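Each structure below appears as structure tokens.
Consider the two complexes below, in which chain A is the common component and chain B and chain C are the respective partners.
Let's turn to the complex of A and B:
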């Protein structure tokens, strides 16, 4: 399983994701850059420029036409995926940590944005839903020419602690957010009130991911464990124990594929830079870990990163993955034939 | 002669009276049975005499009767309870109590004797049957002395394990635990962890050391007031040995005696620093001040036992004093204590592992050479001596069967700048104990006899290149008189220890304290070496074979007394691993503050060496049974595992089904499905079929010639 090493960031990676078709890989990092690559061979196609601060998160629509990025420069930018042209901008009142398009296919015009608190004057941290302006329904440009105006539909400021991720729930009716104090909250989209709240972990949850049907939720925690949640019945169904603090997780889309089912999850993390000097073996546990989703056993690990893994994502076909590390490298892996033929991975 | 019995047969009975037969006994000597019963009346095994109760008048007797009956009935069913009164119906404070069973009566007697009814009345109870014996005692009767001792029951219970598993002792953090090592289960299975002792209020079984006795019969734990001994299947406490602040302990090889030491230095001259106990009774047989020299180096032991436990010896820098265990007194010559004297000084001594033979080394001093002498005890006969000149250092190595003894000396050249090693090998089993010299050009790092074998391994380092190699030597048979090199090969210079299996043949080469390289290998009977597996256990500082040579533990342990930087260094990695003799990892675990891990030793085998050879030859036959048990166990494990997996999977799939149903039942389902369809339609996918044809090769052939 020879990986492609993508060297397009000069600082730690913050987020990686594939488009729905799986042919493109989007990455962003602390170096203010957003890159797009061919996932088949790791060739860089281009960049999306404009942010003047860490780019924390990005999301691309199902039709791969529009890309939205969340920056620490207090704005989210919508790009035309193909041309790299900025289509719109959402101005927030603090650094943007997270952004995600709503999930309704062919009607992805809303985004959820999580922002941190910057100062008393600017306002508190919040989770907001924005209707993204498009030139079709509003061609009045902003005064600075940033694009059509977007409107805030909802703002939730009554948050337990810093938001790490926030996802749209099933049928866009809820929002699911993870927090730095280990809390997992499900919000009603229409009222902005919490529907369910649970102390999922005792430490920060840097990463959370949801299945395509939005009912299965995986949280990865700094306390070295990951948990799988049934959002339909609102309960924890599995716990995965590892020996390192976790930063990243991903669910294999093949868990409910028609054939070649693979009940797998990927976890990544490792000792953060300030702790590395305390390890005797000099090894920071930077491998990507492949676990069985149901039996919660480690199936294997992939080494290569020399800094903690910050973000990890399965390919939409479940036939490979990309991981982004603190050291600035993206590793793009395509699974070997044996991943499909070996009974061990069943 | 028994009286002729009358046999009544069915046919003899008158017609219509056949059922009479049922009333006739078919046993013959029934009359004698009745006589026996008459005789029984002379003993009263169910009756207890209880005295010492209040003497009360008739008016209070009923109340007293009630009270005591309640008490008596605690021990069993009382069939009769008679209060003895004088002619005036005045109570004499005395009862006959009869129980329905003799066991209950015995129990009641033991418990009632000495029972305080109230402040001024204490019961005295005896079995009625013992009455005669007690009143006929003469004046000078003394009760037999009661020496506390324990009965050695189920001492070797663990040897009867159906699957012949090994036990191991773990002492880490605040825990003291005994486990079975189970190669099928992989993870060790807990046998006992001091739960009883901890339930009694103390938080830990012991906060100090815990160790096995040399034959594995007991576990000893160290406590502030002394040492405790535990044994049997339940690890019950067998004995306590009082010795304040005890630091070290050594059993005699037969486990009959214990020597303990409280760590007082020799200079303190504290005369109870060393105590010798009889294991079974806990008596202190002798105590000593700390002797001057610990002959094996280190701080303990000061007394060395002979292999048969008949003697133990201590030394100073000038003499050796041998004690006889039976009398706890030094060996006498013509009625006088007579130490073995070495006026030129004494460096170290060691007993043969099998015979009462002492090997004693006196270092070189002035013009007198370094001298090795083998002395038989108690005859004091010198079996052999050897003088060596220009010696810097010497090591003594006994082969485990006591057949050979090797004196390993480092000699200096005349200029005293360089040194080289020389081995002097003594053949104890041959007449006049011949000595043979093996001279080595390289630096000798390590010498190790093969256990119960006639071969040995040496680690040698080339002086100039510092390359290291391991070399094996073989002692040729009786009378052939030579020690030959079998083979040698280069190994990493990190390797610094050789551990032979207790049965010989197999060995582990280890690099202790550094990179933790482990090499599992063997040396076949015809001298072919084979390294079968290479692995590593980072920072390993202990390697132990189990007594059967099947498993190896490698461990990173930390000293119990906090030892500065190195303890901290090791603690990062503290833990142990269990390997098969071929180096297959069976279990590995990190254990915070692991102080001690040890296989349970086994007592010496009782079967003859011939029988052992026979078993070895027909190993397949013998192992069949064990293989079968293991196989069955593995199968059931597998089935259980697969069953559990299936259950988990079914449960998970059920959950996924419910999610799918929820998705499909949602009011917006159709709307969203349409969205997906639109999405797919809008993307301009085009199915293109392309055919490529490529001519790989062409060949012309004439099929038919016309």
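Let's turn to the complex of A and C:
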């Protein structure tokens, strides 16, 4: 396995993701940049410019046509994936921490946005659902050339603490959010009321990821553990214990594949920069950890990063992964033959 | 099937065996035979090399169709025009392959790994003594073998032995009643201890080796108390390794010394000490893989 080192960011990475077809990798970081790369060879295709602050999150539609980014400059921008041209903009009332397209194939016109509280005057932190304007709509918002107007459908301000991630639940009927105080909340999309609430962890949940069918949910916590949740029966099914604070997690798409099943999850984290002087000296534990989803045992680790892993994502075919580190590098791994032939992994 | 008997058309024949005229210019000629039963065509043509020599080149070509699926959208995105900061088309040298070949490192102390490694084929062996009825060797174990170690073992007997009241009734300290060695206090421990101390692991065995063959070979060194030959579940063929338990540790050591590297059935045997079973240390084994 010879990973590609993608050096397109000068500051820590905040989010990496592959498109549904698996040929493109999108990355964003604290250096205001958004990059797109070919996942086969790590070649950079382009950048999406326009944000004037940390880009916290991004999401691309299933058809890989439109990309949406969430910036700390209090806006979300929609870009044409192939040209990098800005199509629309959503103006929020605070720094945007998370954005995700709704999961309805062929009709992904809604996004969920999580924003932080910036000041009393601007309003509280919130989770909102926006209908993204498109040029086909009549009500164009041309006053500042920002593109078609988007409308807010729902706003949830009654939040327990800062939101770290919000995912669309099964059939886009719920929202699943993770919070800085370790709470996991499932919201009703139509009423904006909590359906299920649980103290999932005792510390912040920096990362959460859902399976393809959105019934399984993996949360990674700063308290060095990760948990797998069954969102249908609303219970915790597995707990994964590690020796480091976790920032990132990903479920292998092959966990329910017909052939070459791999019950694997990836976890990433490590000693964060501000802890270096307060914790015992030693290695930073910046490896990506491969865990068995069912037995909850470590299967292996991949070294390479020299800062904590902030974000990690399996390729849609489960044949590799990308990880973004605090040091500004994205490492793009394609598993070699031994991953598929080694019986410890199946 | 008249057509098959019929002579083939003259043109085909000419293609099959090109009749070449000596001299003359064949440079633009190209002969191609019809595909034979394997679908191989023979192509003959001529070329002039840079020294002015004419070369006859014969190629045997098999053509076939290999189908694989491509994603239409991915294909359409193969050659995207660079945009954003890369719009100038300048060489973007932000990506470098890693300088070394990385492996997924396996953890050192891991229950799952340990089980998987153990399961590599030894599972039958460890399951063997879980079913005491099948342990036919225990029946034939000689009394004197037990006697040798009895004294030291009796000290180690756990008072809360699972065999409980029955055990008490047969306590060897109460004289007058004969107790078979296998039921005496400490027999289990002794068995276990003996098994671990006096067992050698034999690998690189051929497939058609039988227990009797091993008994013959290893029995020539000392008294063998048990032979376990790992077999395939379905075919009952040997998996290529076996465990041989001697009555005495000295014999086991001698077997390693004598038979390690010994040629047997066109293969060279590898004889070493068996690793102790750690089943006792892991009372709650995770379930088997599905």
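As a working rule, the second predicted complex is superposed on the first by the 337 of 346 C-alpha atoms of A that agree within 3 Å, B and C clash if a C-alpha of one lies under 4 Å from a C-alpha of the other, contacts with A are read in each partner's own complex, and residues count from 1 in each chain.
Convention: a contact is a pair of C-beta atoms (placed from the backbone, for glycine too) under 8 Å apart; a residue touches a chain by one contact, two chains touch by 3 or more.
Computed from a predicted model, the values in this text were never measured in an experiment.
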Query raised in the report: For the three-chain model obtained by superposing on chain A, do chain B and chain C clash or fit?
Result: clash
**Report entry** chain B versus chain C as contact partner of A:170, first or second or both or neither
**Finding:** first
Requested in this report: Quick one: classify A:107 as touching chain B (first), chain C (second), both or neither.
Outcome: first
Query raised in the report: More chain A residues touched by chain B or by chain C?
Result: C
Query raised in the report: Who does A:215 touch here: chain B (first), chain C (second), both, or neither?
Result: first
Query raised in the report: Is A:121 contacted by the first partner chain B, the second partner chain C, both or neither?
Result: neither
Requested in this report: May I ask you to decide whether A:256 touches chain B, chain C, both, or neither, giving the answer as first, second, both or neither?
Outcome: first
Query raised in the report: What is the contact status of A:237 with respect to chain B (first) and chain C (second): first, second, both, or neither?
Result: first
Query raised in the report: Is A:62 contacted by the first partner chain B, the second partner chain C, both or neither?
Result: first
Query - Which of chain B and chain C A:295 touches, first, second, both or neither - result: both
Requested in this report: Between 204-212, 258-266 or 636-644, work out which stretch of chain B sticks into chain C after superposition.
Outcome: 636-644
Query raised in the report: Looking at chain A, which of its residues have contacts with both chain B and chain C?
Result: 63, 294-295
Query - Complex interface listing, chain C residues touching chain A - result: 71, 73-74, 77, 80-87, 92, 94-98, 100-107, 110-113, 116, 286, 290
Report summary line: Note: in the complex, chain A contacts chain B through residues 62-63, 104-107, 170-171, 213, 215-216, 230, 232-233, 237, 255-256, 263, 280-281, 293-295
Query raised in the report: What does chain A use to touch chain C in their complex?
Result: 1-8, 21-24, 37, 41-49, 63-64, 82-84, 287, 290, 292, 294-295, 297-304, 331, 333, 335, 338-339, 343-344
Report task. Could you pull out which chain B residues touch chain A in their complex? Result -> 538-539, 569, 572-573, 645, 648-649, 652, 655-656, 658-660, 662-663, 666, 668, 672, 675-676, 678-679, 682-683
